[in-house]
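Submitted below is the structure of interest, expressed as structure tokens.
Letters A, B, C and D mark the chains as written, and numbering starts fresh at 1 in each.
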Amino acid sequence: MLKKLTQTFRDMGTIKTLCEAAEQIANAEHQPAPGAEHFVLAALELPDGSAARVFRKLGISAGAFREALRDVHRAALMAAGVNAEDVAGSERDVPPLPRPSGPYNAAPSGEAVLNGLAALRKRGVTGPLIGAHVLEVVSAMQHGPSAHAFARLGRDAPTVMAAIQSEMAMAA
Amino acid sequence: MLKKLTQTFRDMGTIKTLCEAAEQIANAEHQPAPGAEHFVLAALELPDGSAARVFRKLGISAGAFREALRDVHRAALMAAGVNAEDVAGSERDVPPLPRPSGPYNAAPSGEAVLNGLAALRKRGVTGPLIGAHVLEVVSAMQHGPSAHAFARLGRDAPTVMAAIQSEMAMAA
Amino acid sequence: MNETPDDASETDNPEQAFASVVALRLMADRLERKAVAEALAQGWSWARIAQALGVSKQAAHKRLSSVTPTIKT
Amino acid sequence: MNETPDDASETDNPEQAFASVVALRLMADRLERKAVAEALAQGWSWARIAQALGVSKQAAHKRLSSVTPTIKT
């Protein structure tokens, strides 16, 4: 019981770090609430280092993933018929969002990440919450910016999942 | 008292006709809630004929105003960098909105029209509610699609207001 | 006292910029209904549609459940 | 089992179409904040900003009141 409680407390600290980082990353992209892709970038910064190791296994960097997310956004605008100049212009000199206040608010895909992390425990995953868990939950999402960014970087879902499983096996 | 009540009842019928027409017109443009511009188009169909007479004085038709609204939308997209082909494509084969149900719901600019009509009574305007009143309220709005559509048709706000006042004087 | 919407560069003309914002949102709403019709025709579930739109399944269903699948001709 | 987003025409590819919808909305949000900053710099009231955006003054203020006027350089 004490062990479970300690576990929960340790996870709470990790979750808090993760959520706050995801929010900051989303805000920097002018999105008020973090989505799954911002949780991926936040997971890469967690001190346990497991998400960063998965990315190294995949041969991609956090910066490349971040840039791929931007490219996905730009490509989606251009597919809708917006010319490149106006796409670029829309990203320049955007007034920053206010510092978050009030209750924590994730975008629906971000909420899905948090629910997915809670579900890992129910599926019997033990040990502390680590960044690779976040990648595991997000890589199971078929749609959304993260799937597009991985695809854009030439890493399909099975490849990403294999790298995550390999890291998990090493950690266990 | 009876007269005032009759007046209110008669207005209620006009308001109902106006609101339902505005909603249908908005829905046909794939907008769930009618804005001020849809109330203008609805006013032109009211049986009192006053709004239609204002448009004749201005030398414009309901069809021309409707087309000007579409042109305003298209020009705004093109100003944002969307190419003409994708602008046109976005209007084709859009699945229709469902038949409205539940409480009546106007867009904020449509609500402003309804509030403006109520305010006319407070300002001492008597007689039945007529289509020209709708034009009067909307033409006082500096911004929004209606102002842009009138400008696009080469009718500036003072010109529109003068035509409305002239119709009002004839009706009084 | 209306300003004409087309008389200045986009960045300096809030009138034009606001009109573009409104128009982009309407365009997005229309494309969304078209995409849902096509997705349903291809057998997508509402859970997939919601995930692709980054909204909750409830929100997607509430806003878009009136859309029927595109009929292929 | 992800489909690649760019492998079919826009109309037949819901994946791409949904991504465009999401991107257009984000673009609109960004342009909106830029336009508000410029409008405030030009002395627009919140009532005018709300009218130009077709939203209520309360909604405009709630969503956008953190924007400060563009500083002219």
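We take it that a residue touches a chain if its C-beta (ideal position, glycine included) is under 8 Å from a C-beta of that chain, and two chains touch if they have at least 3 such contacts.
Bear in mind that the values here come from a model prediction, so they are computed numbers and not experimental data.
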By the contact definition above, name the pair with the higher C-beta contact count: B-D or B-C. B-C
Taking each chain's centre as the mean of its CA atoms, how far is subunit B from subunit C in angstrom? 23
Between subunit A and subunit B, what is the separation of their C-alpha centroids in Å? 46
Per the centroid of Cα atoms for each chain, what is the distance between subunit C and subunit D, given in Å? 12
Multi-chain contacts in subunit B: which residues touch at least two other chains? 80, 82, 87, 89, 142-143, 145
Using the touch definition from the top, which residues of subunit C touch two or more other chains? 11, 15, 18-20, 22, 24, 27, 31, 34, 36, 52, 54
Determine the shape of the graph in which chains are vertices and touching pairs are edges (line, ring, star, complete, other). complete
Under the touch definition given earlier, write down the residues of subunit B that touch subunit C in their complex. 30-31, 72-77, 79-80, 82, 87, 90-91, 93-98, 142-143, 145, 147-148, 151, 156-157
Subunit B touches which residues of subunit C in the complex? 1-2, 4-6, 10, 15-16, 18-20, 22-24, 26-27, 29-31, 33-34, 36-37, 66-68, 70
In the complex, subunit B touches subunit D at residues 35, 80, 89, 107-109, 111-112, 141-145
Touch list for subunit B against partner subunit A, complex: 80-83, 85-87, 89
In the complex, go through subunit C and note every residue touching subunit D. 11-12, 14-15, 17-22, 24-25, 27-28, 31-32, 34-36, 38-39, 42, 44, 49, 52-54
